[in-house]
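Should a chain be cited, it is by its letter among A, B and C, assigned in written order, with residues numbered from 1 in that chain.
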Amino acid sequence: MEQSSTSALLQGTVLDLASDVVSALRSGDHVRAGGTLAGVSAGGGVARAAVRVLGADLLLPATLLGCEPVPDQLTVFQDAVAAHPPRDDAAPTVVWSHWAMIRALRRLGRPPTGPLADDAGAEPDARWLDDAGWQYLTHQLAVLAPLALPGEECAVMRAARRRPVDVARGFVRAVRRRDWQQAAGAGRWLTLLDGVPATLGLEAGLDFVRLMGGSDPRVALQLEAARLMPAGVPL
Amino acid sequence: MSARRVEEAALDWVCAHRDRFALGEDALAADGQVNRTWKPLGELAQVCASVSVGTPPSDPLHARVTELLDFAWQQTHKGEMFLLMQSLEPFATYPLEVYAAFASAGYRHHGYEASAAVVARTRGWRLTEQYPTRRLGVMEAERRSGLRPHGKVPQALVRTWLGGLPEPWTFERAAGYALTHVVFHLTEWGRTPQGVPPDLADYLRHWLPPWLDTCFEARMWDLSCELLAVAASLPSPPEPAVLEDAWQRVAAAQHACGAIPEEGSAQHAAPPGQDDPYAFTDCYHSTLMAVFAAALTTARQSEVERAGQGVPG
Amino acid sequence: MPSEDKVLEEVRTENIDIEAVLDPVEPDGVFRDSRECAALALQAGTTKLLLSPPTPRPKKG
């Protein structure tokens, strides 16, 4: 009971944070991006965990639109990075999402301090994607959608760039399975890739995903990111 | 690859249930169900015709499908039944479509062809309202039966789902069945992969993998087998890993008796522990399609191997 | 002294396996095909052919 009510609370907070980001991306209003965190005591465990789960995308309005991040929000973000480093045996998505958060801080000129400062720049490897089937590749990329940014250079981005047709196949599969979150994440990657078959109909596809799954703020967040991507200034 | 093993087992089931394809008295009855009489027989004929063309005479499977074809032709009284159907339902297209399967394997009835030609000359026949995919099929049946096709393939093709190159994520079951048949008609049921225009071939090469994957996940075995037949009918087949995975999934769905159920729901409903658990109507079509797809797959594969060894194909 | 809320929250956070949330498995696929209703104003009753033109699937023969 405790576990399930806690994870429900965590998921709820993640959704609230995602809604904040969506509003900010839609309006360019950075104040609203801090809405959920403004009412939370600094260092609040669940809020901090939720920030870690949403990851680098919390700072997307700042990264993509150049808005100034809200100070409270930045503090919780930094706390989340420090409080939830990947375990030694962590899955690649855990390691990479953490790296993406540090990357986001660096971009904003706020590199982490303390124990993380030293090895924070070391980029993990993406060998786990080398032999990945197109289904698994797309699933992993969708989980790591915060890395899909214009001008991003990292091993995961290079793995995606090598396989535009496979990611497009993954998008088709995700829509067929009505996995809107994966579809939206894959769609965000596809807006950045060359060599996607034109017959995919990505633009209509993203509209379709919005229609079917856009009520979930995590889906909406990916779609907003995808919408801003082509116009986005390379980082 | 497991395709060959799937084919042999599926053909075992077909041979063991051969008499279920026989035309009963209701084949001519006004209230008979053509989908339970003419359709299965036509499908048996079509699959066996394709397999016999693609399988070398030295292969034991060749003799088995030839026997089945002879049996099926006997059911039509060597084509006399088509003439009879013509007199009962002159404007029905299905007798011609079934006949075309036989004609493609060299089983012909010239009297029927002559009388079908009379009907096919009417404006009414040409204007029969039907799905674009079906129209393509009827034109193809006319051609194979020695009649003059009532329209041109490119014009009929653009009216189909596949011909319009739709967004691949709009694929659903009905679109799937429509597109597999378009490819069957364009390629004479897998015989001429070059009949697929290059843009369609690219399109299918790109999108067959996610369609196959999701049809398997939804346990739509019948449509999965049809898509595999399409995969084996393209000028350049999909990546080996895609086919390898797909045939393993077909093999896993195949019952020990060789039958492959049309859908996962039939598997749920089947009583456990039985030698022959599926109703004929729940499995005959998918089992035939598995034979068809496997035969095309293995034929394409040996073509590739021969080419690799420098032996003229 | 930490507030009761804060203690509760600490307990809660420890119970969360964040790494599992960050490495989610795929949900099961959901499949349902669109159906087709017979065109309106078609005659019902005995003329079944009108109501289901021509058959639910293209001919496979």
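Please note the rule applied: a residue touches a chain if its C-beta (ideal position, glycine included) is under 8 Å from a C-beta of that chain, and two chains touch if they have at least 3 such contacts.
Values in this document were obtained by computation on a predicted structure and should not be read as measured data.
Asks: Need the most distant chain from chain C, centre defined as the mean of C-alpha atoms.
Replies: It is B whose centre lies farthest from that of chain C.
Asks: Taking all protein C-alpha atoms shown, work out their mean, then name the chain whose own C-alpha mean is nearest to it.
Replies: It is chain C that sits nearest the middle.
Asks: Contact counts by the stated rule: is the higher one at B-C or A-C?
Replies: Higher contact count goes to A-C.
Asks: Between chain A and chain B, what's the gap in Å when you average each chain's C-alpha atoms?
Replies: Computed value for the inter-centroid distance: 46 Å.
Asks: Compute the distance, rounded to whole Å, between the mean C-alpha positions of chain B and chain C.
Replies: That gives a centre separation of 31 Å.
Asks: Averaging only over C-alpha atoms, locate the centres of chain A and chain C and give their separation in whole Å.
Replies: 24
Asks: Multi-chain contacts in chain A: which residues touch at least two other chains?
Replies: Residue numbers touching two or more other chains: 176-177.
Asks: Using the touch rule from the top of the page, what residues of chain B touch 2 or more other chains?
Replies: Chain B, residues with two or more chain partners: 214, 217.
Asks: Could you check chain C for residues that touch two or more other chains and list them?
Replies: 29, 31, in rising order.
Asks: List the residues on chain C that touch chain A in their complex, please.
Replies: 6, 9-16, 18-19, 21-24, 26-31
Asks: Quick one: in the complex, what on chain C touches chain B?
Replies: Going through chain C, the ones touching chain B are 29, 31, 33-34, 36, 53-61.
Asks: Sort out for me which residues of chain A touch chain B in the complex.
Replies: 133-135, 165, 168-173, 175-177, 197, 199-201, 204-205, 208
Asks: Residues of chain B touching chain A in their complex?
Replies: Interface residues on the chain B side: 165-169, 171, 202-203, 206-207, 209-211, 213-214, 217, 241.
Asks: Provide the residue numbers of chain B that touch chain C in the complex, in ascending order.
Replies: 35, 38-39, 42-43, 45-46, 94, 97-98, 101, 129-131, 133-134, 137, 172-174, 177-178, 181, 214, 217-218, 226, 285, 289
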